[in-house]
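Which chain is which? They are A, B, C and D, in the order written, and residues in each are numbered from 1.
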Amino acid sequence: MKEIKVGVIGCGYWGPNLIRNLNENHHTSLTHVCDLDRERAARIKLRYPHVISITDYRDLLKDSTLDAVAVATPVSTHYRLVREALEAGKHVLVEKPFTSSTREAERLVALARKKGLVLLVDHTFIYTGAVRDIKTRVVTGELGDLFYFDSVRVNLGLFQRDVNVVWDLAPHDLSIMDYLVGEDPVSVAATGTAHTPGGFEDVAYMTLKFKGSLIAHFHVNWMSPVKIRKIILGGSRKMLVFDDLDPGEKVKIYDKGISVSKPSRNSIYQSLVQYRIGDMYAPAISNIEALKGEIEHFAECIMNGATPLTDGEAGLRVVRILEAANRSLKKDGAKVRL
Amino acid sequence: MKEIKVGVIGCGYWGPNLIRNLNENHHTSLTHVCDLDRERAARIKLRYPHVISITDYRDLLKDSTLDAVAVATPVSTHYRLVREALEAGKHVLVEKPFTSSTREAERLVALARKKGLVLLVDHTFIYTGAVRDIKTRVVTGELGDLFYFDSVRVNLGLFQRDVNVVWDLAPHDLSIMDYLVGEDPVSVAATGTAHTPGGFEDVAYMTLKFKGSLIAHFHVNWMSPVKIRKIILGGSRKMLVFDDLDPGEKVKIYDKGISVSKPSRNSIYQSLVQYRIGDMYAPAISNIEALKGEIEHFAECIMNGATPLTDGEAGLRVVRILEAANRSLKKDGAKVRL
Amino acid sequence: MKEIKVGVIGCGYWGPNLIRNLNENHHTSLTHVCDLDRERAARIKLRYPHVISITDYRDLLKDSTLDAVAVATPVSTHYRLVREALEAGKHVLVEKPFTSSTREAERLVALARKKGLVLLVDHTFIYTGAVRDIKTRVVTGELGDLFYFDSVRVNLGLFQRDVNVVWDLAPHDLSIMDYLVGEDPVSVAATGTAHTPGGFEDVAYMTLKFKGSLIAHFHVNWMSPVKIRKIILGGSRKMLVFDDLDPGEKVKIYDKGISVSKPSRNSIYQSLVQYRIGDMYAPAISNIEALKGEIEHFAECIMNGATPLTDGEAGLRVVRILEAANRSLKKDGAKVRL
Amino acid sequence: MKEIKVGVIGCGYWGPNLIRNLNENHHTSLTHVCDLDRERAARIKLRYPHVISITDYRDLLKDSTLDAVAVATPVSTHYRLVREALEAGKHVLVEKPFTSSTREAERLVALARKKGLVLLVDHTFIYTGAVRDIKTRVVTGELGDLFYFDSVRVNLGLFQRDVNVVWDLAPHDLSIMDYLVGEDPVSVAATGTAHTPGGFEDVAYMTLKFKGSLIAHFHVNWMSPVKIRKIILGGSRKMLVFDDLDPGEKVKIYDKGISVSKPSRNSIYQSLVQYRIGDMYAPAISNIEALKGEIEHFAECIMNGATPLTDGEAGLRVVRILEAANRSLKKDGAKVRL
């Protein structure tokens, strides 16, 4: 028996994936879909005839039988929709980036807490087998101390009309970084350029610094002729490459690194660096669709009153970095403290 | 008949390549090799028994029959050695980076000019078939306006004891960028971290800005588990990937891009972006060893009194950026104007 | 308005793809699904509630409003189902391999002709952008005379219970070969081994010879640790690689080859071979789902009384080779004339 | 002190590699080089001025101070040269393929044994870190029972004037197969075609069968637009890919396979196959030049009177298969028993 009745607001690019998974999950029951574009919602109804299709989300929030909503609309609308949904007593799953500003995010986090409702930000990558596998290796110390997190996410992209390439693409990698590193950066610097008249940045680079010697860097690009989705994670013991486009070996762990001899009295400023070139290892990674596991997790959190892995706080941490990145972009790459 | 007598100072990592090519070129005659390490020079002599092996470069400069010297010593010694060689009336080929500072580079450029001697900086990549091919495409306008130059040069590297990873690896890509773009950047920002006690930066990122919307970015890294040598060059008409590790298809030109419709009165801030996904093309690239062509070019410049493609000015432009990068690194990534 | 009413028999591995495409096509209307497994047909109905779900195909054939059926059952049942469907006056789309024997195939071809019905064998690859692109290059002479067709289709596969690896995997490549080469082979030799007790061959190699010097070879394998789907097509002018697993550049055309000088009197048996290493070119390939185009083609053939690109004759040609391959396998690789 | 004086006969394609390694090995002393082409030998002398350069190999064999010769001439001359060298009391290292016929190979094996001289066939791959690593995995049972050995060695090749593509390229893979499998095949079948007038086969496929269910297959091709050097080795426990062109991960071991349940009484002909998809593992492989280790091994065998890993018997086993392959090619692919 399905317990949790869910409606989806926003049937555009990502919405159909939410709809499909909410429909197939055993704990959730998809009851409504909502889109300003009547045509779009109608197309959904064609495939899911049992679903009520509406254009005004307020009708949906009014329905007292509804337990939860999933919000997959443009980011500028998230704050209002999530707020009203929480106020209407609905649990909420919301697309990333969570909100347009830190302030909005903080308010929603507080509101959800006050209402005792589940608020899950759709940081989908956290629910992939690959990122889960990597997390275990970080936590168990297999990689040693983290040295750097280098991410490249580029392709000839969908130019967004409302946000720049940092807000469009970096949330994926920031959420992965946030989850794996488990530590807040102390500063952000971002630089980039726009190549369309009056447009947003379409190529950008962002650097995060942390307390120790850890550095994180992100290359996001809508203007690349090739598609790259690659993260290199360097540790003191092992290093790791996560190539999301490699169907067979998404995660490769390299037993490579350096060992540094203690400098002797005579070479006080020069330590002796030695290289270690060992084996490579690619674990079998679960292929289960991430969103499927995420929806299951959403349902379980609702049923058990648990806090989601990617809760409002996680969404807030990512938005805080994005906001600072935008400030840095405006100041031509100057460092912004967090 | 060989005309140009050349001696080589420095028989370490790169020296043997210079030695082999100087020995095999029809216009040059390798007569001396010089290294502080007597053992090293002796090993060279074993393979080239006709060559005079010495340990003091001054003996070499004194030899009036010698026409030219090639300097392949640590960068900190370049200024003194090149200066003395020029003063002794020798043409000079010197390793990259040219010098340790802009000031040194400027003096050597002036000295060579005054003396009327050939001064070639060993920006080897400029003599590869791949970079030559790309240059033609830039010059003919095939790529259109340049949008960005993105370079990644990473591997588990040779940690240097005297310079950081920027000075060690970026000269390759800066020289390629300088040659292809043909324009001076207006600012540099560089950030990085060191992971060995008292050591130099081993991971670094550098951004160059130009007058228009062109941006250049460099990722250099001695701590990567995988080897990457890749440049993506985005243009308004076409885009290009130069993968130096792809033996078969080093240069790929993508007929991909965007076209922007003129914004109408009603959508003044929103232009319409359309994607163009066309064919890819990988030209046959000459496999001739770059250094072979460079030595030939050096000989021809000496014989004809011509200015090398990679002259002291080119070396100076690269050093100027490196110097500014170091300043930026010390100021934690702050932008340094050039 | 949808004109052609279609029922699908067999809702297993491939059936759902047919169902989805028949449902979405504007000329076809999916009215029935049929599967012996009541559960399976019910699952389909869940997604397509307007469809009538049955377990006995005869009920389906009796329905006089039905125009066509698609058969996606095990190959051993094809003959009976297709025959009865044709006899009931239905147009037929049938999975590959067409039938279990040449004899069966011939009868169905004759029956369809007699009845004036469309019979399309689901050689899906023929409707891909890649194979269409290659066909054009063969037909226009861009590749020159065909020298060889080399196909590798291997992975850790779905062991079939009713056919060996040749009947399971080779139909894909045989249909591509048949379409591209446009000529019948004169002999088949196949060899392989089985590694499960009482099982069918799971690794096999097959060679086809043609009248001239063209040779075609197929490696099919259910026991490979890696997935490969690659065809190399060598011609006298150009050569081509079709890598179905390369998402970006499925088809690469190489301007490579040899040119042979006429042997002189003195070297009567030795011709002078010279190599040509030119550019590589990867055309933009349409990404439209092949099955979508195939269903459209099926509908058009029914509406216009046209003969499908992959008609019963094409299916028969492939079955003829498969049947001969089985004979050769039983004779330990001996050549079988066609 | 160098003990073993060696002369090299044949300074063509491969000779210079032997020369370089014999010159640098601490146990061997390169004293003579011999080539019918006076120019060629002279070029060698330029680089190794201490070496005596001759054109008649008989002068070399007469020199009683010489301990060993290395023969790197066309295969048709191997028998005569090796025989005369052995008769002159010289240890011999000879290029692959060992001889033109089984008969010649048998005679040389017998002669070397009678004379008590070391006879090493240059099956270079056996001395690579990769093949050594794989051998260990086969011997320790890590791979389980061997199921198949699949080899592809193709590129736009050097057309040979004296042998077909099987004799040119397959010796590499046959020697690897012989070493790894450690068992003689019972039959050979080979098929191929020639695409130059009066030329030898330039595309060929060869199948070897063994006593059990092991099958070995070889694709050799001078007419391929792409270079592939790949061996897949399937075992009952694990499977392995050896990609000689992958600089980073030459050997990959896959913990993949199938497990077969015992058939129950009711399903006597149908066993239940289950898939195992586990981790992948790429061991660090030594990069030492294979020929360097081989020359060292040659020297040690001479000094200790030991039998080389790749002795005349190994050479003979490979020639026996090549000879049978040629017979099969002439009989249009018919199986030839060994």
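Methods note: contacts are C-beta pairs under 8 Å (C-beta built on N, C-alpha and C of every residue); 3 or more make two chains touch, one makes a residue touch a chain.
Given the structure is predicted, the values throughout are model-derived calculations rather than measurements.
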item	value
Mutual neighbours - chains that touch subunit C and subunit D alike	A, B
Farthest chain (mean CA position) relative to subunit A	D
For subunit A paired with subunit B, centre-to-centre distance based on mean C-alpha positions, whole Å	39
Between subunit D and subunit A, distance of the C-alpha-averaged centres to the nearest whole Å	52
Where subunit B touches two or more other chains, by residue	226, 248, 277, 280
Subunit B partner contacts - residues on subunit D that touch it in the complex	47, 49-50, 226-227, 245, 247-248
Subunit C partner contacts - residues on subunit B that touch it in the complex	248-249, 255, 277-284
Touch list for subunit C against partner subunit D, complex	147-148, 150, 152, 154, 156, 159, 161, 189, 191-199, 203, 205, 207, 209, 213-215, 217, 219, 221, 223-226, 232, 234, 236, 239-241, 252, 254, 256-258, 260, 263, 268-271, 273, 275, 277, 280, 332-335
